[in-house]
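So that you can tell them apart, the chains are marked A, B, C and D in the order they are listed, and the count of residues begins at 1 in each.
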Amino acid sequence: MNADLPPAALADLGELRDRLRRFAQERDWDQFHSPKNLSMALIAEAAELVEHFQWLTEEESRALPPDARAKVADELADVLVYLVRIADRLDIDLLAATERKLADNEAKYPAARVRGSAKKYSDY
Amino acid sequence: MNADLPPAALADLGELRDRLRRFAQERDWDQFHSPKNLSMALIAEAAELVEHFQWLTEEESRALPPDARAKVADELADVLVYLVRIADRLDIDLLAATERKLADNEAKYPAARVRGSAKKYSDY
Amino acid sequence: MNADLPPAALADLGELRDRLRRFAQERDWDQFHSPKNLSMALIAEAAELVEHFQWLTEEESRALPPDARAKVADELADVLVYLVRIADRLDIDLLAATERKLADNEAKYPAARVRGSAKKYSDY
Amino acid sequence: MNADLPPAALADLGELRDRLRRFAQERDWDQFHSPKNLSMALIAEAAELVEHFQWLTEEESRALPPDARAKVADELADVLVYLVRIADRLDIDLLAATERKLADNEAKYPAARVRGSAKKYSDY
């Protein structure tokens, strides 16, 4: 990487996948990046996110001060990194899989039936 | 949503964010979607991913049969959905946060120093 | 196991460890019970616990209806099973380790200093 | 607590429950210890356990060096603390719940049927 230039901004998930792929290859880390290991790394990062919120009220979690918000942004990025990495190692198209999931959810929870009901929500 | 048309393919994370936002609003579910609650939902989905791999060897996790791979794709989608949703609720730009994280990681783990060393890797 | 008799009640963690050890041996499952795999199984069970609470308010989580409470008891048991199993596989005395941790916590959070302060609590 | 005396050794889970109860009361922390929040704290500790193992092979996880083993013991203790605390807050008898779970598992996985079969194991 040319030290004179800032890293190019990420345009999309495809570019992120490519950056992460190159990052692992340059360090010879693919050997550690089995889907099994990556799933462990992902949940460890997800837990750091949970940790930020564990003693906050829901209300407090909606209105984070700037420094907490920056840390949460960091944890979200860590989760995304491992998510994209697992998808790449298994040759899964993340957006296509999510597209299917959205269609499923829209069929499973019709707005007209579940709207505004906490009870119904938690029953699903 | 027009039942005659398939849902449009997801072009990018911005579109996913918008779809999820609309999905929650149509169901009046924003009240449940505090960042605190969403972080719990995210880690529950991450754990379903882990569950797929817990009794597999690393080698097996690299070579999933098609049906297992489809289930894993599903879990990855679930994680992405909550990830994008939390970012949206906190007004965080997920790709920008990830861009910063990549730059940090590239500085923290210079390829020339860490290449090919399991020991160094696990020390980080 | 004699089918005419109910299983003996568990007296303590040592007996639980012995029951689990025998259970795995009789099924030849020790080969799957590496600490790595068991840590994955443990967090998957912990996530099922989290899932029970994710859309509840804190208040609701304090006052579970009987059926939800029974399910939570089940998840807690699952976590304990894997916890005791990992400790056994690594020859760790769980109560002794916890005793040390309590002493640490008592030193780290002196009651006189932290009492009644949410702010201080979340700062720790 | 009398600073001249070491903390008494933990005899059993009941004593641990009582120590933790007193610990929270002395600090006025029961207000933060809703089952919801405690489940988040528990999974965050479980993830620290996972983190110790994420880049290790299964074989390495079975043969931890002493310092890693001590850290793992610490994480196990953290999980146990929150587990006992949640059970107490919901008035659940942890050993009795585990006793029921063991009986279920013994019925669900008869040794004669599942012995020595990885395939069968991962199918359950």
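For this structure, a couple of remarks:
In this section, a contact is a pair of C-beta atoms (placed from the backbone, for glycine too) under 8 Å apart; a residue touches a chain by one contact, two chains touch by 3 or more.
Please read these numbers as outputs of a predicted model, since none were measured by experiment.
For the pairs A-B and B-C, the count of C-beta pairs in contact is higher at A-B. Superposition of subunit C on subunit D using C-alpha atoms only gives a rotation of 180 degrees, nearest 5.
With centres taken as mean Cα positions, subunit B sits 3 Å from subunit A. Rounded to whole angstrom, the centroid-to-centroid distance between subunit B and subunit C, based on C-alpha atoms, equals 27 Å. Among all residues of subunit C, those that touch two or more other chains are 32, 37, 39-40, 43, 46-47, 50, 53, 55-58, 118, 121.
Considering their complex, residues 1, 6-7, 9-10, 12-13, 16, 19-20, 23, 26-29, 31-32, 34-37, 39-40, 42-43, 46-47, 49-50, 52-53, 56-62, 64, 69, 72-74, 76-81, 83, 86-87, 89-90, 92, 94-103, 105-106, 109, 111, 114-116, 118, 121 of subunit B touch subunit A. Of all residues in subunit D, only 32, 37, 40-41, 43-44, 46-48, 50-51, 53-55 touch subunit A in the complex they form. Contact residues of subunit A toward subunit C in the complex are 39-40, 43, 50, 55-58, 118, 121-122.
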